[in-house]
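Chains: A, B, C and D, in written order; residue numbering restarts at 1 for each.
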Amino acid sequence: MIEKNWIWFHDHFGKGEEHHHAITRFIAQVDTPFQHVEIGISPYFGKIILIDGDVQSSIVDEHVYHELIVHPGLLSHPNPKSVLILGGGEGATLREILKHKTVERVVMCDIDRQAVDLYKTHLPEWHQNSFYDPRVELIHGDARAYLEKASDGEFDVIISDLTEPYSGGPAQRLFSVECFAEMKRVTGPDGVYSAQASLLRLKTYEMHLAIKSTCETAFPHARSCAGYVQAYDTPWSFIIATKKPIPPIDDKIDELIAQRISGELKFYDREGHRHAFSLPKDIRTLLSKKTEPITDNKPFSLESKSSDM
Amino acid sequence: MIEKNWIWFHDHFGKGEEHHHAITRFIAQVDTPFQHVEIGISPYFGKIILIDGDVQSSIVDEHVYHELIVHPGLLSHPNPKSVLILGGGEGATLREILKHKTVERVVMCDIDRQAVDLYKTHLPEWHQNSFYDPRVELIHGDARAYLEKASDGEFDVIISDLTEPYSGGPAQRLFSVECFAEMKRVTGPDGVYSAQASLLRLKTYEMHLAIKSTCETAFPHARSCAGYVQAYDTPWSFIIATKKPIPPIDDKIDELIAQRISGELKFYDREGHRHAFSLPKDIRTLLSKKTEPITDNKPFSLESKSSDM
Amino acid sequence: MIEKNWIWFHDHFGKGEEHHHAITRFIAQVDTPFQHVEIGISPYFGKIILIDGDVQSSIVDEHVYHELIVHPGLLSHPNPKSVLILGGGEGATLREILKHKTVERVVMCDIDRQAVDLYKTHLPEWHQNSFYDPRVELIHGDARAYLEKASDGEFDVIISDLTEPYSGGPAQRLFSVECFAEMKRVTGPDGVYSAQASLLRLKTYEMHLAIKSTCETAFPHARSCAGYVQAYDTPWSFIIATKKPIPPIDDKIDELIAQRISGELKFYDREGHRHAFSLPKDIRTLLSKKTEPITDNKPFSLESKSSDM
Amino acid sequence: MIEKNWIWFHDHFGKGEEHHHAITRFIAQVDTPFQHVEIGISPYFGKIILIDGDVQSSIVDEHVYHELIVHPGLLSHPNPKSVLILGGGEGATLREILKHKTVERVVMCDIDRQAVDLYKTHLPEWHQNSFYDPRVELIHGDARAYLEKASDGEFDVIISDLTEPYSGGPAQRLFSVECFAEMKRVTGPDGVYSAQASLLRLKTYEMHLAIKSTCETAFPHARSCAGYVQAYDTPWSFIIATKKPIPPIDDKIDELIAQRISGELKFYDREGHRHAFSLPKDIRTLLSKKTEPITDNKPFSLESKSSDM
């Protein structure tokens, strides 16, 4: 398509900061009961997913996000057999989990059936048919309710692949102290929690801090990491948290990958791990601030947010 | 100023990718003999410098760039006394160099007197009066000519704080094999070369690669590093190169900083160093490609560039 | 849909002049063999049609265009029974013609069957089922070829509802001296030609002038008129031309409408006619310039165009 | 200046409708005590004035506005000797008034001395030194206070060249019933009132209607007219109102211009007058609605405005 026919999607970063992405064509524009989902073609990135006014994923660098949300967490567990994904939409988190040879069962609980069906049809590059792997149980329902019904110690690792817990939004009750108590209960003594935890940069870090602070009420050994995702224009952060003290895996990442993962990784190896987990001094200073945990009744406050979220 | 009066600066990243920055007011808009310089106020970043259609620096995160262009390089030399800056405009590279207690002489050779005078007046936050330190010689002239007249071994470290060597642009002859031969000659046996080396991300790495490949003709031990600069929306890269094998300083950065630097650093310490020098696997794969060095007669080719430079 | 999900269509008017229209949703985005057609919903205008990067029509003011392309022309003929539309896409020109009680036959010749089928489905507000009126013959084929096969004097009025004859574009051979010779042949002695003739304003008038100059080789009594269309941000112009001297109808428009038209008009009446046909002095001065007619081999030159077309 | 250095000014028309104008350079950006004034150079229009986020005037078509605000009004008076301008900023309204041979005295009362001084320096193309004509009295003060002190019948014509009376804005008390009572008092029995009266088009007409309705409480014979100003992308409207019935001047405009005006007009002549005063049926229908007059205590209501003001 010629350039004059491009249409533009505006990603708003903050006061007076907008990234405009050209789109040549939409594959889908759907209002599900839970969100506004658009799948389009960008002349620069290729296939791109937009949700509720934000870039969600691009085919160029979705692997950065999906490798970091999965592998550091699973490698922090000595022998992860059962994994629960909260959310997980496009199926790429599932795809990465299934590369782990130890994994015998993955439950993915995503409330938005219509969105997941759309992704099954239109995003084969993301899910690579992982939805049809026999180890997978796909559940469409409220993840908090699912957690509350799960057995004690049922899961080794919980991966939180949700939108951020903005006040009043659908994810608030999945990032609260009360919910972490459930996640503590349903994971075993080696239990690991791994979550996407919003953007992390000098002007935007409060959401990350709030999630980390809340997580530590159940999984006391929490580490922050981040990887740059060009489609977001920013480093994107994750929290990997364990019940037991953090195992000394950092210098053995390459060996662990060789033993436990089948299939190729693109971003994550020993150097990628060091890059993601070694945060510069200015960022560490910001993350040393104290923040109130999120509770069911006291959400992450919009008032306390930095200006660009 | 109210929002409806904002004016907008468009940073073009690639085909159909534009970041629009609001500007509330311009402090200066000047066409020097060499470039178009604008200093403005952004409602998000505060003071911001725009050069030839690109964001050059913001007060929020200029330290990321200026600490990485200076400290890894100077700490790679056992005892840097004399430093040459090629370019250096705003005086912030100078500011960081002057924090090194060993440094006795800094020559800054920037061809654009009008721009530097503008910065002296309007950017005190950047230069912090470094131009007036008695160790500093400020020269306005052609840096290549200056190098050709310099004595053998006159400098310990050369910092290249220039715009990228686009074909036909003013910087081409400062990144050529011929120029590196001069830089090899005017530095001593422990000589270090440190340069800003363009943006580095999955879709944009060729310029970095071309500079590195050329640099290695004179300083054979070259390392890439990068730090995220929010005003650029991207990790920005640097090349630190030595004549001798790279000294094993990586685990001693905090000690070296304590010994040799006076004044506070914001980004750079042991963890910041590890972050910047540990590149993820996908980026390392891109940087393992072979590229032709730049020569005076054979510039970095626009044709071979990725689409977003 | 909430504002942050809007996507934006850019209408480029000239050097550094862009009108950005928000679109909440696309009803269709189709590449036909001839053009790129998009039907969308604008939060401001409602339903809107975009073709090849330009706003084509909005539900708010399509009547201005379609009343002016039809009624002055048909009222300039004493008794129009058969009308030929060149182009006509959305069927709104058809809709207006069918309001004339004298009309017994309308041939609409539009080459783009796929676009017209799309309009039949998605634009009932425009065509109001006019395609199914028994007086209508809809032909999908080359309009020039159709004209060449038509009988002498077969039509009373020809309405040219085409895109502008840009060099190399599909419409060039429908605005050439050679084509006007055919249109002269196939219309009777009272023959009328009515055409959309591009935007008309102080900085953009050359295309209008070129069409008028060419038209006068066959229909010597040509008048310009224009009406403001908000979706275009500009007055849009038309040329109404007759073989015989212009009849003195200007003060009798209201009587003629009452006699000959059934159904309501929105824009056009005696005052609307005076508004559209009385052009200010500065515009008349521009239109008094001489221009070369367009021929099959010598198109309207892009070089001679003003900067904003 | 090259295109990538352009900066952009956004004119907001309504919900999801923005016109972006490139600016190559600002001549001035000033916050006066009353408004934010910018004078810039547009690559398309040339010199352009921006006030409080709206395009105020461009050198290409300021004559359309200034001829329509002055000449129909002055020609509606049998022998205008003394004229009062409320507002008048750039001095172009003054320039047009001074072309009338009958005029012996013009008082221009504009509250913003700093803006007018800026215009004197930077907008010679607009004022053409009219400020220095011996017939002119320039007063910087509150126009309402000036009116209240003026003598009965002191002026023949009042020209209102002000910003629109948005609620709470500076102009509200200059468009109220109470102010019109003063204007009635200070004009003679042949008194004429001529005002810019906001944009007028299918989706935006309420402000025009409110001004007209209020004006008629003092000058009962009010007519609407409009001329397209490309820099505004819209027809701009004016109200010309008289105490006595409207004189039958419409067919004698060319003769009146020849007798009473020295110097050339660009837009306004008999045809330009007919164009501006003959409004299409759809616009006339909108203007036939009833609206409450504005009073000192009851402003034009933002709630009742159309969406695009």
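Keep this in mind: contacts are C-beta pairs under 8 Å (C-beta built on N, C-alpha and C of every residue); 3 or more make two chains touch, one makes a residue touch a chain.
Only a predicted model underlies this, so the values are computations on that prediction, with no experimental measurement involved.
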Neighbouring chains shared between chain A and chain D, ordered by label: B, C
Chain separated most widely from chain B, comparing mean CA positions: C
Classification of the chain A:chain B interface as same or different, half of numbers criterion: same
Distance between the centres, which are taken as Cα means, of chain D and chain B, whole angstrom: 53
Distance between the centres, which are taken as Cα means, of chain B and chain A, whole angstrom: 34
Interchain centroid distance [CA atoms averaged], chain B/chain C, Å: 57
Residue numbers of chain A (touch at least two other chains): 6, 20, 23
Which chain pairs touch, all of them: A-B, A-C, B-D, C-D
Touching residues (chain side chain B, partner chain A) in the complex: 3, 6, 13-23, 42-44, 60-61, 63-64, 201-203, 227-228, 230, 233-235, 265-269, 271-272, 274-276, 278-282, 284, 307-308
For the chain C and chain A complex, residues of the former touching the latter: 1-2, 4-10, 12, 20, 23, 25-26, 29, 31, 36, 38, 50, 52-53
